[in-house]
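A, B, C, D and E are the chain letters, set down in written order, and residue numbers restart from 1 in every chain.
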Amino acid sequence: MEILLSITSGLFLFIGSFLCISGGVGIIRFPDFYTRMHAAGVTDTLGSAMILTGLMFQSGDLLVFAKLVMVLLLILLVGPTTSHVLAKAAFHNGLLPQGLNTLSKSDDKEDTSSNT
Amino acid sequence: MLMGLFNNWVVIVLMMSGLYIVIAHGNLIKKLVGLTIFQTSVFIFYISMAKVNGGSAPILSENISLYSNPLPHVLILTAIVVGIATTALGLSLVVRLKESYGTIEEEEIQRQDNQQNQALNKERDK
Amino acid sequence: MLIAATLAIFVAMLLAIFRGIAGPTLYDRILAVNMFGTKTVLLISLLGFVMGRPEFLDIAIVYALINFISVIGVLRYSDTDQFKHRQSNDKPTEKEL
Amino acid sequence: MINIVLLSLLVVIAIAIIRMKDLFAVVMLTGIYGLLSASFFVAMDAVDVAFTEAAVGAGISTLLMLVAITMTGRKEKVTRHKPFAALFIVLITGGLLIYGTLDMPLFGSADAPIHSHVAPRYLNDSMQEIGIPNVVTSVLASYRAFDTFGEVVVIFTAGIGVLALLFVPRRKEEDEKIASINDSMHEHHLVIRIITKMLIPFILLFALYVQFHGDYGPGGGFQAGVIFSSAIVLYTMLFGLSTARKVINQGFIQLMAAFGVLFYGCVGIASLMNGGNFFDYNVLSDDPVAGQHLGILLIEWGVGVTVAAIMIIIFFSFAGRRELQQHSENNKNRESL
Amino acid sequence: MITHLPILQVVIPLMAAPICLILKRPQLAWIFALAVSGLAFAISLVLLQQVMVSGVISYELGGWQAPWGIEYRIDQLNALMLLIISTISTIVLFAAPESLDKEISKDKHTYFYVLYLLSLTGMLGIVATGDAFNVFVFLEITSLSAYALIAMGKKKQAVWASFQYLVMGTIGATFILIGIGLMYQMTGTLNMQDLAQRLPEVSQTRTVFTAFAFVIVGVCLKLAMFPLHLWLPNAYAYAPSIVTAFFSATSTKVAIYLLIRFTFSVFGLSFSFTTVPLQTLFMTLGVLGIFVASISAIYQHNIKHLFAYSSIAQIGYMIVGFSISSVSGLTATLLHLFNHALMKSAIFLALAAVAYRVGNVQLDNLKGLGREMPWTMAAIVIGGLSLIGVPLTVGFVSKWYLLTALIEQGWWPIAVLILLGSMLAVIYVWKVVEIAYFKESSGAPVKEAPLSFLIPIWTLVIANVYFGIDTRFSVEIAQAAAQSLFGGGL
């Protein structure tokens, strides 16, 4: 039983770590904000969930387990929300995906001129 | 020996980069950031001296015998509060400065003050 | 395995810091900070287990909360006129000076 | 090992902060700096400190800096004066410090003077004398209760100072006018409003948990106060300052801040009345340990109330000043049109 | 209750601050603050009397024994400092409402009184405590309230001066924090007396040397000692007049107290003056400070600036006395501490009266004031004479003691330099006198200051003259304090 638990936990931790690193690579390598946001947002939530689940197998104590569940719930609630708000705010404030840059240039100019 | 002191040296580098920002940068917000870094590094210094190898957090528990020193923790709790208090007050000063001088660059503020003084002096000479 | 996961988190943190430093837009930085915050939550949880005292998960909860609040704060206060329609590497407009 | 990694990350960030000109990025990095140092504190077993640093360094102070830069502008001027003089001073100070480290006890060695003189008593006897497992709390709230009192007064001073500098009394009608132009970015952010509404009760509850659990785990009045105030701050950010002011008005919150300090002090006065020294909790009850429990519980409440009130005051002052600025700017724009 | 006086001394003004905030009405807050400050004054008198009779008083906070808990420890030096601070605070507060009416908007008066009480608390706390870290905490209470108080001045330069002070002050405080940390690391204790016992064992280590350097530099930043004085003139000149009067008499004095406490009591005489070449360094800086500051004072157009520079010069005298490191030298420093508090608060209060009537304190606007405000200007003149060190004023007494202490050690050249420095004081004081009495008034005539100014000003002036003639009280305490510092630590 012990072994089974630790193996499962290790597996979860491994997947979580992998996801975290791949998210990190994604946030560096991807070309523009929205793609990076995609990399970070997805892996963050799933990676955290995996690692926390992995830890749950090792918790042993009910209180610790409960706290881990709480952290997990928080991350599941907050992570996607922030990603959503971030993307929305970026889009509203005139940041466009890479392919649309040419279009945004002219838009930008008009906007700033009307602003000042 | 080297490893035992390495921690302290890194902390000193951190402190000094904070101090450098305070002295060398003219932007007032940046100065405050520098102060924050300086103070935080001092906290790190205190906390790292409290650590005992193999020790555990100073919350008593039955199956643990070696704890880290709790006293620096207490001191730093107080110091953190002092830090945030200073930052808040400093920021409100910066906001007021921006309102009255229209800038938060040290040099420009100084220049405006000097100009005003010169104007006063000229008046006096007349 | 715990150690390996901790190391993985460190690597991810480092990459997030790079993105935070490199920018280029405001939102990249916010993203980096957010990701960094999540990684810190994980790091704290892991450290608790590595050091054998997992009951300190309260700190991780605080981190998650604070992280959320500061990201909201950043978004709320980056939404002013002077930040709009401009990427962070542009030259400052006259208005700002 | 972990500490070395964390420290080198800190150095990277410190250097990046020196080089950066975009204040927004600098503030973001400062937030990361706070988070990282808090992780370092966890690795150094200082869980209470980590708790506080996370809430303060990464949360409140970053937020305040952000509000400030929205009022003061975002770019640092490129001119950097007297870098050599600064470098000179820094090198001398740093050199002196490094010179001073040479005779220091090595990192982590258990036979350093600080582990053998005053501290052992806290670790060995606090259980009998005070009876709570978190030694940091017992030192903070009983052995060195006066320092903590000073700490509360420091934060109180800062709050009053910020008020004295930024507070602008407003009339009702003016207030409504300003509120109407209150930027309504989050009008259309339905998702975040709902999530926040779900989270706020949880945060408040968690603050209470931290307040009471401080005796047994990391936490205590200060942390609880900060967390409590952060819930209010969150509410203010999403629903506007004037809405929040309706819930918590200025007079009330000032009263609470003053009340917390007085409450803390009154615990000391009570021990004077009962024949002990100031902050001697042993005399508060027939049983010394029960007296200590009571004393610590009460003063933690004093701390929590003051800290929460002052943090809210500080945030409100900044946000209020900002609204006022926007209001006058809008007026100016209207006139120029 | 009598045994609890040391803590009541600090806690009463502390608790009064939030009560002031609750009272809300400025008038009430003022009366309350005044009453509390008077109470603190009474307590400090009783404490001084107790200390002079029965020696050191120790008070254990929380009932915990000294190195584990925080200890309040009152000896002659502390008692003297407590008396100076609470006296000046009470007298200055008398004139506050009128002065504030002109300088600060009405709705901030309550905050002013709260902050004033807090800074009073901070100073009393620094002085009364016997715990090194507690010093840092109370230092920050004083500093934070000082930043806010200074920034309340009506000119925009006040905010800038306050910011500069904040940066310097925070660096100073953090240096002190580093120093305390290093000391703690070598000894494992924070209690000053315990430190004094345990430091000699490790005094040869480089760490203790560094700790000493950091504490001293940090204190000197707060002290505005000569090369680190740049924040002071503007802070004093642009702060509200009441604040200037209070701080000029107390805040640098508290820093001097810290300097004396750390060098003499904590690190010990032999370490401070034999291991470290503190004597030569401080002697040089002190004399240089006297000259540089006095000469800058001569060139000022704002009288508050002028007297602020004079304060830096006077700090120079105290530093010289301190660096002699003999009983008589220290007596001179302590005497000057006491006397300078009397004269500077009198002068700055008189300037507050001038600002109340004239609106500003530019030198040019003083023309003819000698006839229009005779009592106020007479106070400035007597204060000025005291600064120079004319016989029958307190300034003479402390300079006399300083010179005898120097000559005792055979340091003639320094004594001559100090006399020369006093000559410079003649020049800048004369500048004020000349304009006030020998120039025709240009603007509309102004009335004499109201009684609420004149009473506190003249109380101080009379004290100036009284202690210049009857030196028994001040000299006795100063000597007792100096001797206790030399007679084996705390």
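Going forward, a contact is a pair of C-beta atoms (placed from the backbone, for glycine too) under 8 Å apart; a residue touches a chain by one contact, two chains touch by 3 or more.
Here the structure is a predicted model, which means the values were calculated and not measured.
By count of C-beta pairs in contact, A-D exceeds the other of the chain pairs A-D and B-C. With centres taken as mean Cα positions, chain D sits 19 Å from chain C.
Inter-chain spacing, taken between the CA centroids of chain A and chain E, is 56 Å. Rounded to whole angstrom, the centroid-to-centroid distance between chain B and chain E, based on C-alpha atoms, equals 26 Å.
Residue positions 15, 19, 28, 49, 56-57, 59, 61, 71-72, 75, 78, 82, 85-86, 89, 93-94, 96 of chain B are each in touch with at least two other chains. Within chain C, the positions touching two or more other chains are listed as 13-14, 30, 32, 51, 55-56, 58, 61, 65, 67-68, 72, 78-79, 83. Chain A has residues 78, 81, 85, 89 in contact with two or more other chains.
Taken together, the chains touch in the following pairs: A-C, A-D, B-C, B-D, B-E, C-D, D-E. Those residues of chain E whose C-beta lies close enough to touch chain B in the complex are 133, 136-137, 140, 144, 147-148, 151, 156-157, 159-160, 162-163, 166-167, 170-171, 173-174, 177-178, 181, 184-185, 190, 301, 362, 364. Chain contact summary for the complex, chain B toward chain D: residues 1, 3-21, 23-30, 32-33, 36-37, 40, 43-44, 47-61, 66-78, 80-89, 91-96, 98-99, 104-108. Every residue of chain D that touches chain A in the complex is listed here, in rising order: 185, 189, 191-192, 195, 198-199. Taken in their complex, chain A has these residues touching chain C: 6, 9-10, 13-14, 16-18, 20-21, 23-25, 27-28, 33, 36-37, 40, 44, 47-48, 51-52, 54-55, 58-59, 61, 63-64, 67-68, 70-71, 74-75, 78-79, 81-82, 85-86, 89-90, 93-95, 108, 111-112, 115-116. Residue ranges on chain E touching chain D, taken from their complex, read 1, 4, 7, 11, 14-15, 17-19, 21-22, 59-64, 67-70, 107-108, 111-112, 114-115, 118, 121, 125, 131, 133-134, 137-138, 140-141, 144-145, 147-148, 151-152, 159, 178, 182, 184-190, 198, 202, 205-207, 209-211, 213-214.
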